[in-house]
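Okay, so subunit A shows up in both of these, paired with subunit B first and subunit C after.
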Partner chain A sequence: MTVPETERSKISAIMRACRVINRMNQANPDAPKSEGLYYKMLSDYYTRLLNAHDEGKFIAAHTVFFPSEILYAMDIVPMHTEMTTWMIALFLGGQAEILSAGAELGLVPEICSPHRGLAGAFSLGALPRPDAMLWSNLICDNTAKSGELIMEMKKCPGFFLDHPFQRSETEDKYLISELEDMIGFLEGKSGRKMDWDKLSDIVAKMDRQIELFREIGELRKAVPSPFPNRGFLQLLTVDYLCPGQQDAIDYLEALRDELAEMVREKKGAVSPERFRLMTLFVPPMYLIGFMEKIGREHGAISVVEPLFTRWAEGRLDPSRPLESVAKKAAMIPERRSMYGPLGQEALQDLIDCAEQYRVDGAVYWAFMGCRHTCATVKLFKDLLNEVDVPMLTIDCDIVDPTINSEDEIREKLEQFFELLEDR
Partner chain B sequence: MVIDIKKSTSLPLKTLERFRQVNDTFPRTEQILEHKRQGNKVFGWLCTYVPEEIIHAAGILPVRVTGYSQEMELEDGNAYMYINNCSYSRSCLQMGLRGEYEFLDGMVAGSTCDGARRLLDLWQHYIKTPFHHILTIPRKYTEKAHALYYQQVVQFEESLEEFIGQQITDEQLHQSIDVYNRSRDLLKQLYELRKSDAPPVSGAETMEVLNASFRMPKELFNQWLEQLLDELGKSSVAHEGRARLMVVGSVMNNPEFIRSIEALGGLVVTDELCTSTRYWSDPVVLEEGQDPVGAISKRYLNNFPCARMVPSDERFNRILNLIKDFKVNGVISQIIRYCVPYAHDLPLLIDRLKGVGVPVLALDVEYGTSGSGQIQTRVQAFLEMLEARKR
Partner chain C sequence: MRALGIDIGSLSTKAIILDGNHIVASSIIATDEETELSAKAAVDEVLKQAGISLDDGVFIVSTGVGGKNVSLSQQSKSLTTCLARGVHRLFPSVRMSIDLGAESSTVIKVSDRGRLNDWVNQDKCAAGTGIFLQQMAKLMQMPLDEMAGLSLEAKGRADITSTCAVFAESEVISHVHREPPTPKEDIVAGIYYSVVSRVISLCKRIGIEGDVAVTGGVGLNKGLVKILEDELGLSVLVPEQPQLVAALGAAVVAQESIDKGVNG
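Our next item is the complex of A and B:
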């Protein structure tokens, strides 16, 4: 299976889009400092990727929730495959082309669109050729199965990182041994050595990053809540692209300070704040602007996203860097409710979130490509019902705009807001 | 007596009727109800990475949880599991929610795929079978992966012992290994018959036998299968078809689907299904003095792999071997919608099969399908193409 390389890299286009947004922010005296830092971080990430081969660096493509801390510590340039597909959708509107290319490879529509898209993007030559493909079963069958096709298309070596489903001493040790094997694989293929001191430093920064995520989460409990609807997608991006990186910390600290000031001044992201929402899964990427707009129009604000922004308790230990990388995999918010067994603790956490964040209603974005998440729709609805929180479910696709229209989503949300109002 | 596979709807195989009766009455079969009447326990299991011998050694009857035997409206399955989970898991869940498996004392699954693990989550929450267990199933075959899986099997054994209030002895495990290996050996003999140019048993009939194999006590199954093999040995029946086919893909246990292919003249001679070859293919190899749990765990992780495992070439190579051994002319891939592991593998599998000149018919199906009009049209066209290649 050979795919011709083309020069149509969309990476430079993503980078340019980030730079334009950044220049617009700089020209706006009211734009928060954190926005500038966020887009600079994005722009730098993609600049590094774009220039990697020219600078003789090794590019490792990897799936979501992959411990890219290890790549940074080895001076390997990471390429987050799903996130990059999302960026193409978000900034360039290139969904149709890449999804169509994925279909041409024989990937059926039931495979989640970011994975069909990333295979399509590789086949089009829209992404730089990776020197290695890294993938894992965290978080689903799609991530577990997406690596081999890319390896074959791009004729590159690959490593599959096997994440145990549950947690026990044996399973934790297994994951650590998998990480060790992966480091061995990368050292062999890239000719670079693991810099353990650098990994310790990255782990320390990651620990700080998690602390900042938690502080931001606490600030969002305030009434009115200071964090805009689009914000949580930025939080995801930070962790996905720049774990344990200084530019991520700079952004999060600036954001934390801005939110703290808003809380002190009792300023909300929407005014007046009428509906405090719990967001389950992710709204479509291409509707971020729309979500901001409808939020402002109706005073509706997402205050908590249990599947994505609620980190488990625990600290990372820089003196035990590899163990900490493994531990982080168990602490990420997505692990508890999306990947691991849905035990009582995970279910109770959902109820706790509703209460602690004084949630009026929940919106579940039922992404049709994410089967294991959607399997929780009724369960979560039943649980939230027990604490008198109504839940709206909207079928959607996170990158493919042909599934729902903006009007249809507006109608559903407005009906839901009416219901909340009547209560 | 040469039988055109298109007309082979009623064959004089007496033992097959017994298997049919088990399947027709499942889940409330005479054997399961009798087992319960005697005060014994019955456990459901969900995928082929669950080590059945451990359950059997505990004196519990292991029964594979399957969904409806035909394509059904899945109102409850859809409501509780959402429409985008595979219809196999939705079908199983609906049967559970409607009390069809209320006799189960336990439910065991592996973290095989998203559908299986979520099915267990929801089963646990809404159906409340007394015992639940899920095993972490590694996706690799490395020594470390084997060590992890071994530990999972030991942990499962310990949980089971706690539940039943007694220890499972090595002697019991040895006996269970013998019973299950005998079953595997007999099923292998059944499949060997299908290698001939004109086999005495059809693909649909084989699937009926296989369905019964995980729905009744293995000891009785073995007796019946011995009788069936004896009958087949004496039978002058010889099935011939327009092409020799292999069925691959998602979980599938509806013999009507195979029958619909055979009704068009396609002779299904082998398969790569977790309800068929992948269920029975590898025996537990127990060396003298070896820990039986170690031997069992080694067999289950090394068995003919599901598409979940990495690297996929382990599975592809096994498929290629079967194609050669069974003289297969064409492959029918049937993938249940939203069965992602198999869907992801399909482009690579087609590529491998193209390399050996074997055409593939790729069907998107729902669990329980018996082969609708559209499927029949596509199978018919596929058979015509295979025939044209012969000329």
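Our next item is the complex of A and C:
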């Protein structure tokens, strides 16, 4: 079965955009090597997806925070639904079209926009038809419900992976049994067998990836901080799309080396560095260029994102691959503050981040579609106030540009910078 | 060198000249479609009152909706920073100030040095703003002053939504036309309460503490301020000309720049 033309056009456009950026980078002698590797990684991911059916491969669509290491180990082509929808919005400016298609499915604006968007994107035929849909309750109910909707729309089989809220020996065993069931489901539907040696290799690489994330996090503590504002979203993309993949390691190693050199030379991503910010949740993705610009204008730099870039302690063990995949689900940064009860560990980490990264102020991007996360706004604000870190809350949407204008966000950020400067 | 502050609001533009701690002159004019023209007119008027010209040495700081686009000014500052400075100059004990402007409501927290500690505003809907009250006055077919006086005589309070200006308008119409009609004073009290309830929710969001002031043109509305005091359970401080506070704050910032030897 070949991929229909509508689907090809969107995915091809993402690939073309990545290639254009790469050509521009190649023409710029000052462009960092990591940038080239990042866009090549993206382009390769979407090339694999685009060619999957032509090459007789099985496509498994999956929601965010899903253990796609297992798919890679089975030679199944993963399609990260939220990320691919974000890419359509980011590279093609297609938010209005996909959100409108989501609205036509009855998904109201209060529902998480990436999920409205991914349903809309499937409905428009902008994403390849999956051979199976995989989804889980990590990290929210939107995720849990999106899978069923897509299964129904695309008439494909699906598997729901149930993650327990807490960690204990019993719950770890339960998650491992869920993973085993999922592997059985995938083997049955795809006709492919799990390659356990390959999974071990991927787990070893994932362990290396996590170490690199931590090393990059350490380098960002430097004053001035070497990591640009847009870099945070690139780190997310790496983990979401290419866990345990060599191209992800190549990118992260290049990035780590570049940052280390900048730290040695005392070079910052913005100069002069005036405001070191903690980013809570995610700024609107369609404003990435704007965030870079305003950062340069005011010397403002995001140095840490506790909800997204702080991996929990622990190592993965390639000799116990399935246990390691389950363990990784417990170590991901997003889980600590956004899934299940908010424990003391998450709150303490916020304080540790403020101190270790010498944060001047925090910006909470209160994404209205992620209500369970936004319930922490007051808790976080009060906690940060205790360590004399002011927090700005900006109500926003991470995908839908109709909620805030760039001018409105600029005005709020500039007021906040004045507040910080005046202290 | 004199310090001059301009606050360009959506309905009126205000200017103040400070000489040290003294307010030398102030002006309030209706905002023109062109920000620059409004700023120039307000500055001309205040300079005329003070009997000086720009050539005599004036350091200008602008704020407000078009504050960044004023070519006359040497600096621009955000409204919240200027409100904090202005309120502190008038009432040093104030730690929270509520600015009720034409198009937005802003609540700020002020430090003991007159610095902005925190703020929250509502600018997504006309409900809770001066323009909303003007619309309601038109609907009630009475001037704003009369409305304010009438609300003080209210024995009850009509239920008016606190979330949407358009819905509020329909509700007021239904109160006017029901049989028997809801007493006008109760409708006005209900309108004011709908504004106050939004404002109090903003105050609680950043935490009510210390003395509280009310600034902005709506601060002149005694009926609304009374309901605000009743709901807050405390007396609020209202300057004689509450609409001038941001311009005063801009002038204070200008004075600070002069004292630091900053040249535009």
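Criterion: the second predicted complex is superposed on the first by the 414 of 423 C-alpha atoms of A that agree within 3 Å, B and C clash if a C-alpha of one lies under 4 Å from a C-alpha of the other, contacts with A are read in each partner's own complex, and residues count from 1 in each chain.
Rule of thumb we're sticking to: a contact is a pair of C-beta atoms (placed from the backbone, for glycine too) under 8 Å apart; a residue touches a chain by one contact, two chains touch by 3 or more.
Only a predicted model underlies this, so the values are computations on that prediction, with no experimental measurement involved.
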item	value
Room on subunit A for both subunit B and subunit C (clash or fit)	fit
Subunit B versus subunit C as contact partner of A:297, first or second or both or neither	neither
Touching partner for A:418 - first (subunit B), second (subunit C), both, neither	second
Touching partner for A:187 - first (subunit B), second (subunit C), both, neither	neither
Computed vertex angle (subunit A) for partners subunit B and subunit C, CA, steps of 10°	70
Comparing the two partners subunit B and subunit C, which touches a greater set of residues in subunit A	B
Smallest separation in angstrom, by C-alpha atoms, between subunit B and subunit C in the superposition	5
Subunit B and subunit C footprints on subunit A, overlapping residues	none
Interface residues, subunit C side, partner subunit A - complex	77-81, 115-120, 123
Residues of subunit A defined as touching subunit C within the complex	390, 393, 408, 411, 414-415, 418-419, 422-423
Of subunit A, residues touching subunit B in the complex	1, 105-108, 110-112, 115, 137, 140-142, 144-149, 152, 160, 162, 164-166, 168, 170-171, 174, 177-178, 341-342, 366, 368-372, 374-379
Contact footprint of subunit A on subunit B as seen in their complex	79-86, 111, 113-115, 117-122, 125, 134, 136-140, 144-145, 147-148, 151, 155, 307-308, 310-312, 335, 337-341, 343-348, 350-351, 364
